[in-house]
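By letter and in written order, the chains are A, B, C, D, E and F; residue numbering begins at 1 in each of them.
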Amino acid sequence: MPYVKIELTREGVTREQKQQLISGITELITEVLDKDPNLTHIVIQEIELDDWGFAGEQVSVLREKGITAQRKK
Amino acid sequence: MPYVKIELTREGVTREQKQQLISGITELITEVLDKDPNLTHIVIQEIELDDWGFAGEQVSVLREKGITAQRKK
Amino acid sequence: MPYVKIELTREGVTREQKQQLISGITELITEVLDKDPNLTHIVIQEIELDDWGFAGEQVSVLREKGITAQRKK
Amino acid sequence: MPYVKIELTREGVTREQKQQLISGITELITEVLDKDPNLTHIVIQEIELDDWGFAGEQVSVLREKGITAQRKK
Amino acid sequence: MPYVKIELTREGVTREQKQQLISGITELITEVLDKDPNLTHIVIQEIELDDWGFAGEQVSVLREKGITAQRKK
Amino acid sequence: MPYVKIELTREGVTREQKQQLISGITELITEVLDKDPNLTHIVIQEIELDDWGFAGEQVSVLREKGITAQRKK
């Protein structure tokens, strides 16, 4: 009976990306824990940039300073 | 000191239905646990259909396929 | 697809009381929202008295002062 | 690695007030627990007045009756 | 800045399985959303069987009746 | 009506530190938002090191490698 909540900043996540997260995590849980997928619920919650604080600053302020959350390559 | 969070898909829940959930759950907690209702807080959070995943699929996709969450009768 | 989380202080809630909360809330949601109970999950989380703060004080301190959460009669 | 979630009723909280909460709580956690602020995330979630229940009533109803959440002075 | 919470029933999940969930979900989020993994936090919370309700029943009761959450094969 | 949840790794937080977090955050919310402290609830949840994942690794593994969450000085 897993329930999963994903909170992330609202920065243009598409419907397709959400579907990829939902199917990927459900599959992972089914494989790793051998759970019936009909018992797995996943909720995605997008958070406005003013409402997420990191290191004491609003993410909206960090973005204005050019600091992103993207993977370093 | 109970705090209750209800998450459900955003599918036309009315103000009256929310009030019924809030008063019903508060009463139940008051009766079962003998708690002062002035210490009971209830938060309802409606989730967009693209943001709720069940059995590996977005609920918006399930609804398009005609699969509902209604009680079987 | 409702998911419900109940957080309350750990003060001797019995297995029977938990069952009453679970069946009562599931019934209420089924009645008010016409939801299939097979899609309703409820999670109860008991919180130690040192870990719940109310009005700026730990509940453990409030209890030592004789302040309870019981219903006034 | 602290994660903090603040839920409050949507009643005109400004961007500046959110920043004060984020910086104040991050500082407090840094001081009290000696945590690296780069590991502290804070999420603020504003809740519509119809969606918050207190003492069995929607906050929107309480506000219509003139009952506020302001500090007594 | 994703934060992920996984709630599941306490039924013998091993340290290795937890690690697989953590690394798998972090990788998925890094791939799908192009997020820096240093900003992804995942919290697993195991719930006692008396504390999880499904379809109006405690999971402990469902297990006593022989109803499991395992994948159908 | 604020509700605050603090999740942090279980690494020897004392009762006094919890009290400092509870009183400090309640005061901050009272000052910044002018809220009645009798409506502010704070819940602290300590998470086992195997159950918190950061950057794809369990915190228990990070600690074994000597990586801490302490403030850099």
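In this section, contacts are C-beta pairs under 8 Å (C-beta built on N, C-alpha and C of every residue); 3 or more make two chains touch, one makes a residue touch a chain.
Protein names from UniProt, one per chain: A, B, C, D, E, F = Tautomerase.
Quick caveat: nothing in here was measured; it's all calculated off a predicted structure.
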Note: of the two pairs A-C and A-E, more contacts are counted for A-E
Chain D (Tautomerase) and chain E (Tautomerase) have mean C-alpha positions lying a whole-number Å distance apart equal to 28
Separation of the C-alpha centres, chain E (Tautomerase) versus chain F (Tautomerase), in whole Å, is 22
Chain D (Tautomerase) to chain F (Tautomerase), mean C-alpha position gap in Å, rounds to 15
Residue numbers in chain D (Tautomerase) touching two or more further chains are 1, 3, 7, 21, 25, 30, 37, 41, 43, 52, 54
Those chain pairs meeting the touch criterion are A-B, A-C, A-D, A-E, B-C, B-D, B-F, C-E, C-F, D-E, D-F, E-F
The chain F (Tautomerase) residues in contact with chain C (Tautomerase) across the complex are 15, 18-19, 21-23, 25-27, 37-38, 40-46
So, in the complex, the side of chain B (Tautomerase) touching chain C (Tautomerase) is made of residues 1-9, 13, 17, 20-21, 24-25, 28-30, 32-37, 39, 52, 54, 59, 69-72
In their shared complex, chain C (Tautomerase) is touched by residues of chain E (Tautomerase) numbered 7, 47, 50-58, 60-61
Interface with chain A (Tautomerase), chain C (Tautomerase) side, in the complex: residues 1, 3, 41, 43
